[in-house]
Amino acid sequence: MIKIKRIIPLAVSVVLALGVLAGCSASTNTSNAKSSIDEIKERGTIKIGVFSDKNPFGYVDANGKNQGFDVYIAKRFAKDLLGDESKVEFVLVDAASRVAYLESNKVDIIMANFTVTDERKQKVDFANPYMKVSLGIVSPDSALINSIDQLKGKKAIVAKGTTAETYLTKNYPDIEQLKFEQYTEIFEALKDGRGTAIVNDNTEVIAWAKQNPGFTVGVPSLGGQDTIAPAVKKGNKELLDWINNELTALGKENFIHKAYDVTLADVYGEDYKESLVIEGGK
Amino acid sequence: MQSLGISVLFKGMNMQRLFDGLLVTAKIAFISIVIGSFLGIVLGVIWTSKSKWIRSVCRIYLEVFRIIPILVWLFIMYFGVTTALNLHVSGEITSIIVFTLWGAAEMGDIVRGALESLPKHQIESGKAIGLSFWGLYRYILIPQAIRRMLPGAINLATRMVKTTSLVVLIGVIDVIKVGQQIIEFSRLEVPTASFWVYGFVFILYFIICYPLSMLAKRLENKWNG
Amino acid sequence: MDKGSNEVLLEIMGLHKEYDGITALENINLSIKKGEVVVALGPSGCGKSTLLRCLNGLESIQGGDIKFRNKSLINKDVNWQEIRQHIGMVFQSYDLFPHMTVMENILLGPIKVQKRNKFEVMEQAKQLLDRVGLLERLNSYPRQLSGGQKQRIAIVRALCMNPDIMLFDEVTASLDPEMVREVLEVILGLAKQGMTMVIVTHEMSFAQAVADKIVFIDKGSICEISEPDVFFTNPETERAKHFLNIFQY
């Protein structure tokens, strides 16, 4: 698996290079063609790229049906654009190839838990966000950590190579880090009391705390906040505008909150809803 | 919790889905192995040409597939070539094309090696009874080469079966991807799911690859017996 | 028995052969009449095997001419596949096809190349196998045979094409001494039946017994052509004398 992980960036860059070459011919094609919305309507289905193995955002249930937070919102997009939520064709994508799917016109929208970054903005156009993530801190109820400052001089458990590790090293060098390779190991370490608290993605720690009574997420949002948004092919302004208007309209009925209740509440509980959801695109 | 583990395999349509995934894996592997072997034999014969130019073209073709990882080929074909040509080709067809081309390259090299390892006097005694170029290959060289290349060819076939797991990256839902979906879906309720699912997938791969090595052993015994 | 008939089967005129600019054969002139047994002798590396291979088109030549039944073989349009059916050859290395049985080895040329009737060829093959004493091995694979047996099968395989002339290239050189005789006897038998043959060998007494004509080759050219009795008792050239002395203890 490590080998594969090293190869993916190479593969992606080769493809992107090709994409640039192909871009010339492809862009002339799209400019001649009719608008992207009309094209989707004519086709009768909207192709949305989602994850198939990231529970609870995009996954496939035991009956082979796509489920999850991203999927729930995507279905609503289809209903509002084409009149029927069954008119969405889910394309199952992987993290590494999300950009390539957009660039090669294999999907109209990517809604695969796509975190907005400056680097990605160069290659795709992000719509307004519907979710936010940051770091979180989970600790035992008996010695609850409510603020990052309480961790100074104590041991924080992190997984190697994560945002949490980078963040702590950069901003809180005086917090001692206990590092592990695997996610499962960090949780075991906290249970064994080898460290004071775990610092990790807030979605991960919140979900884990929900399953493990006696532990609480005292700090649900820490550090820089990342947003998660739908993305379209660079330059597809028409579809981008449609998504943004749609998100605004959905905000009026608190639809993203409803999506949270249906798909995420079981995993994250009610308490953290406002830490995660962005309603109306803002 | 432990007793729940294996039940993951039987929940809902999971078992059916795993077999559907296996079918995808088997289909891609089988078609590419068959067409790739055939093309590989043709390539191998061409490769033994005396022309330096032809030999270098063959070598470059092989090296291009050796140096550039198969994953990159899948990406190039799926996202690059289809976009450039404005075609829509499914991930499955793309995989079959890439695996066939790769199989042909490796097989060509194996066939070339086997042909070149045959003693020169086999060619001469074939010529001495008046065989034509094609007769020589058809009756004398290829039948002997096939015996010599069998271990390498079976090794290649099992490698191809295993490498099909890369097709998930261009959106093909093979047996491993189905496995990951099931594990991820049941991650919170059944933490041991990965053990059972991957264990089962291991058995499924074994079911595909074992008959291949059995076949190889049988043929070898038959020819050497 | 038509020994000494005047029909010339194979005629070599001024043949010149070189490998990468190094001369291997120079100005070779030799004619082989129907029914004649010609034995080429000479030190190792003298070019006698090369000469034989030129006669079968396995080596190209750089000068001179070879005529088979008065037709030149030095011509781009020559159909060697056709010619080789008339000029059989047996090599030093055991050259049976290892993936075929004895019978399949023998049948391949007559059936696939000459398109002859299978049953007729099988009958002929059985007779020939019987003559070399190997009829019971027709379903064996080459790996189950001894070196001498393999060479006898190779001879049968060439004979079954009904060639006009047979070329033997040191066919006993790789054999264990006790197997040499069984192979030579087969060749001797062929000579008695009047088969035209060109034989390259190091078996001196065999050469003397079988040859109508001895061709002594040294350093790529023919030094002397003599009757066997003359050659072995009183050779004309110093080089031939020297060569024969090596074989006397």
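As written, the chains take the letters A, B and C, and residue 1 is the first residue of each chain.
One rule holds in what follows: contacts are C-beta pairs under 8 Å (C-beta built on N, C-alpha and C of every residue); 3 or more make two chains touch, one makes a residue touch a chain.
The structure displayed is predicted, hence computed values, not measured ones.
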According to the touch definition, list the chains common to the neighbour sets of chain A and chain B. none
Report the chain whose CA-based centre is farthest from the CA-based centre of chain B. C
By C-alpha centres, the chain nearest the middle of everything shown is B
Just how far, in Å, is the C-alpha centre of chain B from the one of chain A? 35
In whole angstrom, what separates the CA-based centres of chain B and chain C? 48
Whole-Å distance, chain A centre to chain C centre, using C-alpha means? 82
What residues of chain B sit close enough to touch chain C in their complex? 119, 121-122, 124-132, 135, 139-140, 143-144, 147, 223
Chain A contact footprint on chain B (complex, rising order): 11-14, 17, 69, 71-72, 74-76, 78-84, 86, 88, 166, 168-171, 173, 177, 180-185, 187-188, 191
Chain A residues within the chain B interface of the complex: 4, 7-8, 10-12, 14-15, 18-19, 21-22, 25-26, 29, 52-55, 59-64, 91-94, 96-97, 100-101, 103-106, 184, 207, 211, 267
Write out the stretch or stretches of chain C touching chain B in their complex. 56-58, 80-82, 84-85, 88-89, 91, 93, 95-99, 108-109, 112-114, 154, 157-158, 161
